[in-house]
Amino acid sequence: MHPYSSGNYQIPNPNYPFVPQGQYYNPYSEPGWVWWNYPQDYGGSYRLMAPQRLTFVLVHGSWADAHFWDGVAAVLRSQGNIVYTPEYAGHGTDSNKKVTHAMITKSVVDYIKQLNLLDIILVGHSFGGTVIQKVAEQVPDRIKRLVFWDAFVLKDGESLADELPPQTRQSFEELRKMSNDDTIMLPFDTFRALFVNIATTDDAKLFYTSVAPEPAKPLFENLDLKAFYTLQIPKSYVYFYQDNVLPQGEGYGWNPHMSIRLGLFRLIVGDGDHFTDTRTRPAYLAQKIFDASRD
Amino acid sequence: MHPYSSGNYQIPNPNYPFVPQGQYYNPYSEPGWVWWNYPQDYGGSYRLMAPQRLTFVLVHGSWADAHFWDGVAAVLRSQGNIVYTPEYAGHGTDSNKKVTHAMITKSVVDYIKQLNLLDIILVGHSFGGTVIQKVAEQVPDRIKRLVFWDAFVLKDGESLADELPPQTRQSFEELRKMSNDDTIMLPFDTFRALFVNIATTDDAKLFYTSVAPEPAKPLFENLDLKAFYTLQIPKSYVYFYQDNVLPQGEGYGWNPHMSIRLGLFRLIVGDGDHFTDTRTRPAYLAQKIFDASRD
Amino acid sequence: MHPYSSGNYQIPNPNYPFVPQGQYYNPYSEPGWVWWNYPQDYGGSYRLMAPQRLTFVLVHGSWADAHFWDGVAAVLRSQGNIVYTPEYAGHGTDSNKKVTHAMITKSVVDYIKQLNLLDIILVGHSFGGTVIQKVAEQVPDRIKRLVFWDAFVLKDGESLADELPPQTRQSFEELRKMSNDDTIMLPFDTFRALFVNIATTDDAKLFYTSVAPEPAKPLFENLDLKAFYTLQIPKSYVYFYQDNVLPQGEGYGWNPHMSIRLGLFRLIVGDGDHFTDTRTRPAYLAQKIFDASRD
């Protein structure tokens, strides 16, 4: 079902178009390199190690479903990693939109338990950050590392809506009232400006065809996160600096505003936005998630 | 006067040296791409659409004139866009430095009306942001989108000087007092550190030969912007993160400090500074402005 | 002892893999370039000038020694610059860990005086920022420019520890108490998350083999910096935005939180972290330091 892919490219590899230039550069090949005053003896056989293979569980956010990860998962699998992309209540093929945050969490917890997944890198994007916070409370011993990619890290007792600037919150509340099934459907202009701001016009329209009404209640539920803040699981934060869902400062934002709540965490920064790279640069995004996940 | 150029390169094109790698990458050409689990059927004929052609009106800032845009305009025109670069009162060939903000605004409004420009992308840089705020109040129906590039977005009743950190404001006030015609001439060291910080030494000196004394009064005038904040025109903000005119935080800066005043806006980020890319990377800057402007 | 290297590559050069694309791009080679409306006449012989040659004194930070700079120094020397990398008290081959900030400062001041160095670019990294602040007070006439790379710029009367967020400060205080010689030894997980976050697993482990216990006292000493804040020496700040030693916002961080204390300064931004690029991309880092240092 989730077979090892014998993908024919590697991260890093010399033809890999999305590795920032030089990230995997071997300094010893540079002209003028001064060997003799180097503190370590690398020997004559220095070379890149085979990259670590990991087990990922990728948890999408709002206005998305498990297909959000298709491109990233394909890249990670081709590199030898195992990748799971659980769907959760109220999303994807689940037509019941009357869901709670606890139901969503249960979807992911059940998935992990039923497949008996161990030693996992649990990745959450956007609203998915709140999901992996709650999932981690229930299956901490199965998690090797938590990775938040432009994801909400809520304080104990907060709701996601508490982290939105007043105008965005008000807009969401108005959209919620307009629905007849307690969902929020993003207008194209809002989606285009906040979620896929760097995309071409055509790609933005293409993305929008995947956007379905989002169950509103989980975005406004206050979450008890006392247990989360006692967990000793290693944590990373991937921040994409063109993300426009939240202002990055003035008391709001992904990093450092919410990331610092993680305590000690590894930071990885990229230049994408909230959604676009999942389809236009899946290998770039996969590399950033991998950078955040490896030992 | 502003003919369509039949420029022989395109944005994007395969040889375009300034497109961030992979921004226009076709994911379907990647080895290992998983077609079958993709939610949309792209068909077998997926390809890049011809880019949209737009009408730009580019409004420069202080210590500059309409030639500021020469490089960017050439690139945009070569791509099939129509580009206008109006000069305004107190700048360029206008030797009268005793101007007000209203006179500057009138220059641009008159230019737009006389040429009967419609459906325009109105771009403001730096002080030019305050100009397009006021121009938009007068000709809103002619504007398709407002684009601010490292540009001031003033609150109702503010002056540009109100957004300067105390030391910069004090420095400007002292320079103003030193002049005999109520202008501010930037010393080279200030210009070099704040406006062209990433430039080579030679380029910095070359840029400085274009710097003329700036009329001081418009920088200190408080602007009534009540009408601006009722406009429903789409807006974008282009932020270059090496820009050093303002600190980016601590209560100052382009983004998010002033950009969030736009309400819903599209964010595009680049790695340049305040002036340098207009000459060293005009195609890069043109692409960022285009990304902010397309539908 | 510090001979001119006749290094066989240059900054910039066409094969230089770490120059951001187009930074040294000649716009006049671009198709469609509009010569005739350009305000300056560049003549037909425009070309890159030979880059300026400078004298660097590179001052490392905590949990490092003078070898920290080996890669960067090799690149800068190969380009024709003169580079000095002084060791200071309590570090490197000095086994006496009972040192004060004044002893460290004296090491660098004595080094500069004994070699009679003049017209120097004095570069400080991390804790080294506090060192060059104090060194500059003692030998201001020998310094051409101060360059801070992700370096502390303390206010008069502050200690480095005052700029740490509460959790990091508490962690350092606990580690200090655990030592029997008033040093702080970073656990691997802390070092990996904060200092080498973008490194591969192998590189992170390799870096850690160089980490020695750091004398704790200088990090907690309050420094009199009244004289520093009267100096008129030109200043630059190099900020790497994946640096995770400090949160970049919320009242903490390198830029703009501490950089703005420099008054007028040149800003240069890169995409690295606190340590990694010294070994994986020494040419990239050297270029950023050079960009900050040239006239």
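Order as written gives the chain letters A, B and C; numbering starts at 1 within each chain.
By our rule, a residue touches a chain if its C-beta (ideal position, glycine included) is under 8 Å from a C-beta of that chain, and two chains touch if they have at least 3 such contacts.
Note that this is a predicted model, so its numbers are computed, not measured.
A.B. asks: Considering subunit A as a copy of subunit C, what rotation angle in degrees (nearest 5) results from a C-alpha superposition of the former onto the latter?
C.D. replies: 120
A.B. asks: Same residues or different residues where subunit B meets subunit C? The copies count as same if more than half of the interface numbers are shared.
C.D. replies: Different: fewer than half of the residue numbers at the subunit B-subunit C interface appear in both copies.
A.B. asks: In whole angstrom, what separates the CA-based centres of subunit B and subunit C?
C.D. replies: Distance between chain centres: 32 Å.
A.B. asks: Scan subunit A for residues touching two or more other chains and write them down.
C.D. replies: Subunit A, residues with two or more chain partners: 241, 248-249, 253.
A.B. asks: If you look only at subunit C, which of its residues touch subunit A in the complex?
C.D. replies: Residues of subunit C touching subunit A: 5, 7-9, 17-18, 67, 70-71, 73-75, 77-78, 165, 167, 171, 189-190, 192-194, 197-198, 200-202, 206, 209-210, 241-242, 244, 247-250, 252-253, 271, 273, 279-284.
A.B. asks: Help me check something: in the complex, which residues belonging to subunit A touch subunit C?
C.D. replies: Subunit A residues touching subunit C: 20-25, 27, 30-34, 37-40, 48-49, 51-52, 234, 241, 248-249, 253, 255-257, 259-260, 263-269, 291, 294-295.
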